[in-house]
Amino acid sequence: MRVGLSWDLDRFEDASAGWQEVISEVVEADRMGFHSFWIHEGRERPADCPMPSVFLTYLSRKTQSGQLRIAGRRVTHALAPHIVEEVSVLDNFSRGRAGLAFAPASRQGVVPGHVHEMIDFVTSSWATDEMRFRGEHIRFPAHTPDEAPAGASVPDVEGDYVPQWEWGPEMPDFLSITPKPYVPHTPVHVEIDDDETLEWAAQQGISPMVGADMPTEQAARRLARYREIADEAGRSRREIEAVLERRVVLDGETDECTLGGSPRDVLNAIRDLRGKTGISHFVWRRGGATPMDLYRFASEVQVLLQA
Amino acid sequence: MRVGLSWDLDRFEDASAGWQEVISEVVEADRMGFHSFWIHEGRERPADCPMPSVFLTYLSRKTQSGQLRIAGRRVTHALAPHIVEEVSVLDNFSRGRAGLAFAPASRQGVVPGHVHEMIDFVTSSWATDEMRFRGEHIRFPAHTPDEAPAGASVPDVEGDYVPQWEWGPEMPDFLSITPKPYVPHTPVHVEIDDDETLEWAAQQGISPMVGADMPTEQAARRLARYREIADEAGRSRREIEAVLERRVVLDGETDECTLGGSPRDVLNAIRDLRGKTGISHFVWRRGGATPMDLYRFASEVQVLLQA
Amino acid sequence: MEFWTTSLGLAKMRPMPNALADGYENFVRDAVRAEGLGFDGYGSGEHHFMYDEFMPIPLQAVAAVAAVTSKIRLCTNAMLLPLYDPIEAAEMAATLDVLSGGRVSLGLGMGYRPYEFDGFDTAKRTRGARLREAMEVIRLATSRESFSYQGKHYQYENESLHPRSIQRPIDQWFCGGTSLQGARRAGAAGLGYWLANSPYDHTEDIVKEYRQAGAEAGFDESQLRVASFKDVCIGNTMEEAEALRQMLIDGFYDEHILGYGYLVDENGQSLYSPSREHPLYRRFTQSLYCGTIETVVEELKRYEKLGMDMVFLPSQQQELIAKEILPEFK
Amino acid sequence: MEFWTTSLGLAKMRPMPNALADGYENFVRDAVRAEGLGFDGYGSGEHHFMYDEFMPIPLQAVAAVAAVTSKIRLCTNAMLLPLYDPIEAAEMAATLDVLSGGRVSLGLGMGYRPYEFDGFDTAKRTRGARLREAMEVIRLATSRESFSYQGKHYQYENESLHPRSIQRPIDQWFCGGTSLQGARRAGAAGLGYWLANSPYDHTEDIVKEYRQAGAEAGFDESQLRVASFKDVCIGNTMEEAEALRQMLIDGFYDEHILGYGYLVDENGQSLYSPSREHPLYRRFTQSLYCGTIETVVEELKRYEKLGMDMVFLPSQQQELIAKEILPEFK
């Protein structure tokens, strides 16, 4: 089981100071073997990070091993090809440590289908060379006709190769979004807050994520429901990396969204949730814990979760 | 589209000299941006490599970027947990560049189901912590009862955590095969020489590979058939990394299994095969070409295949 | 006069194919070296949908540099602003500005390759106007707590940008190629003007035009800043320098200058695969200045005298340049 | 007398959690350093299904080392041979022997943790017999063009191994813990015997027993080789040395020695979580030799005098050992 960290950036009053604290923690946690670092997209509060890809590319040179995951990505705040590109660039700078998780449609004020279409577009772009895409929300390239097949399609017949520098003013019907990611299978997640997305993701084999603000019981129910549908659809566990994000307070109280108690209590609670839901990646949403907590969690919870 | 290299090791009379030649090529090719290096398992001829995982772990320190792929892995020449472990170890030494491709059942003298079961075992082991597995050919751990669910299963309920060092002489019903791979989704391929495997892999979303010895026309037909079945099963291109291995002779003759002609001819031929089959990874099986060929292919074929 | 530079690696080039991740690593390594050598800025360009996997998001490229440097400015040369939503671009820039302690300099161009506009579902025709509007949006977003803007292409009402950039506003340059029209527009808007490679005489004309337009629009001279790309090829002899230039042209520039419509004729028409005898192509190749250390210093002194605020030097010969040329300008 | 060693990193330990891939990198880096310091061998142990992700395939760990070193021997300490098919093990060893130019030394043990045998679907009960048979299979496979073997557990008819190992046969050591029975068996089979950590007096007994059994079986003295693990803790004072030992015990050994049935009593029963007062546990901790540089040299001289062919020193204090101790044995 992988164990990672994310942060409540909105608790900082000042981005410079707050982000420096996060960076220091990432550097420490990377050395201690935490498997992933998630920066959530946000733009409401002074220290929110609207562009996690930039933050994580910066972190790619401060870390060696941890996965660098863009979290809560929204579909309307960047042009679609940029989302494809930003992850590939991050993946090459970090040599295969990039990942991308989308925010639920409900938090973005868009229909779930818009998020699904974006995921289809992004993952198809990584997996193909020249491609076009006809969706309800995304059309790539722009002149793709209504007659093009729905979703991603690739040229049927390939004639004599015409290099780009000989294209002239032509706008070809298919384009390759580059660069490609460093590794063949970049992790993609979506938060399964709405039923439509939960079902779609389970059928498509897109990995689910549940964020820190959904109560633990509800989170467990939704992840279990995802697992059921995925099983029915023939999507086995090995395809899926189910992620649960929780707040943790060592020696503190357990509440609706927080795991508390001794390290052993937290360990048992996470194992219990794993049994109920099939999660394979736990993310600790940090909200003011101390470096000492980080070490205790690393040596008394994280290491032991591996077996 | 990714482009890699593999080798006819059986053409060398002496392993030491032959392997040194391969190592030099790998180092050069890694610098030139070839995406993958495949060492085929073999044990018939003097310079065959029976343990690609050892060779590739060695190469992990001679290379920076190329994927390191174990090819033609057989299911009966190593104990099952070793196959799980060797890839994980390679993946950690190479920081996420490992991959595993299985030989077709026909070449191993086993039933296709044996290969399928091994793939299920290996990939499930990577994706879970404590696990047991009940198959026709693999049972893990050994005392797993006949009543256990078929295939991989994980504990339903997790009680208070008992650390390993307190297990005493007990043999627990579930074990975690460790380490885990560095990245969450390690590429796994199977050669689709038999129909049963082709269909199974397409349905399960296991990526197909066609080796250098299958005639090109037949290879194209089989890969196209794989794509059809995968489409029916709802397995999109983004899940699959279809690999075609061919011999290439620049300025030479095209034959049943070889792509010949100018670099532009070879480029066109590969693009044509991509259009017909949906391959996203081309592997050049080297059989005595020169370092100069490698450079010409890199700059006049490989770079241009990217868009 | 500041000196900025860049390095190779953010693409896989045909004559020298390399692993892309190695290239990215070299790009960062070379930035650390450039900072140590005394260069003042370091940047990445931008292109999309390229067979050679050219860097599409330059602010990400320099975000990696930000993590391992402390003083060098992090620039885009150029970022193709009409291919972004202006707030998206401002958010990226502000994010990096916070991470880097205020070291971001945006070199912003309008782009020219037709299929890039098609890929981003945006009209090439309006790119000039959108570049200017978007630069104003970025200026407002990175200097005011909240702002409104009513442009032809972009409109905002009481918008706020988080995080707050360190620079208020973030440093911006209008990359206008070598056109007099671009220079006039930048001057009229009071934007810093960053020329593309061009021979000295043409540079002088452009700078004059720019300053005049700026003065007419009421801008103070201190607000009117100029910079230029300036490839130099240094040899012990002119032959050596010219051989280096030819290598650059054969290995890189020919493809990009001849192939994608970079050159624009007097009617505003992009030239695709023009002959190597075409005067615009010849003017471009001549703008890659060849000389010995002495004559290159002399040439750059002319730029300094022209009031150039920054010169962007090429990726090659950086150690030589740092050792022999930069000290002449300290 | 040769000195071999190892380093940390091939697991994530509780007191000092680290990223596994970083640990692997450190393991390789430390091997390069050990070679430079003059150590003669470098190795990895083996365990399976471990919560701390301990290295399961030691020949892969040293394969990585092979790529960046040129002289140091690549050893397993120990590889748990009963958990392999013997041909699988021989193939791994031969593959690495070719890649490394003949530098492989197999330290081969029988294992003790029950669930490891369960995981590999193989009986713990027969492990001793299978270890000896498999070592003979490896010897034949790596020394003959083709071979046949009829054992109780393994049988082969006209088998050939490809590739041909460089060493004929590949160097093998029987890692028999600290038991007299193991020493007799190894001697009787003419196998090199590699002891686990034990106090000098016990070591002396074992070596005698081993040589006698070897002589009785008709082996020449030159064929009978002995080696020993020998953790040493060096301080300026005895207190300092003992503090270092306590750190090793608290941070690593206690878990592994007390928890998994490593200690075996006189009836052949594995001890799980015995008290820290148990004589076998005390014998183990006492075997971690504490001293100053002078007394450590003295102790190792006793090993040399005993005819020890190799001593396997711990992962810590390697620079100090290389500087102050190794020269005394050149």
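Each chain carries a letter (A, B, C and D) given by its place in the written order, and its residues are counted from 1.
The rule is simple: contacts are C-beta pairs under 8 Å (C-beta built on N, C-alpha and C of every residue); 3 or more make two chains touch, one makes a residue touch a chain.
Since this is a predicted model, take the numbers as computed values, not measurements.
*Asks:* Give me the step distance from chain A to chain B, shortest route via touching chains only.
*Replies:* 1
*Asks:* If every chain is reduced to the average of its C-alpha atoms, which one ends up farthest from chain A?
*Replies:* D
*Asks:* Using Cα averages as centroids, what's the distance between chain A and chain D in whole Å?
*Replies:* 44
*Asks:* Which whole number of Å gives the spacing of the CA centres of chain B and chain D?
*Replies:* 33
*Asks:* Hey, what residues on chain D touch two or more of the other chains?
*Replies:* 20-21, 49-53
*Asks:* Got the chain A residues that touch at least 2 other chains?
*Replies:* Expected reply: 65, 95, 163-164, 175-176, 178, 180, 182, 304, 306-307.
*Asks:* If every chain is a node and every touching pair an edge, decide which shape results: line, ring, star, complete or other.
*Replies:* other
*Asks:* Every touching chain pair, please?
*Replies:* Those chain pairs which touch are A-B, A-C, A-D, B-C, B-D.
*Asks:* Quick one: in the complex, what on chain B touches chain D?
*Replies:* 15-16, 19, 42-51, 53-55, 57-62, 77-79, 81-82, 85-86, 89-90, 92-93, 95, 139-143, 163-172, 175-180, 182
*Asks:* Which part of chain D faces chain A closely enough to touch in the complex?
*Replies:* Residue list for chain D touching chain A: 12-22, 49-53.
*Asks:* Residues of chain A touching chain D in their complex?
*Replies:* Interface residues on chain A, with respect to chain D: 30-34, 64-66, 295, 298-300, 302-304, 306-307.
*Asks:* For chain D, which residues count as touching chain B in their complex?
*Replies:* 20-21, 24, 28, 48-57, 59-61, 63-64, 66-68, 83-85, 87-88, 91-92, 94-96, 98-99, 101, 114-115, 117-122, 161-164, 166, 255-256, 258-261, 270, 272-273
*Asks:* Under the stated contact criterion, what part of chain A meets chain B in this complex?
*Replies:* Touching chain B: residues 1-2, 65, 67, 95-97, 120, 123-124, 126-130, 152, 154-158, 160-161, 163-164, 175-176, 178, 180, 182-185, 187, 203-205, 233-234, 236-241, 264, 267-268, 271-272, 274-275, 278, 280-281, 304-307 of chain A.
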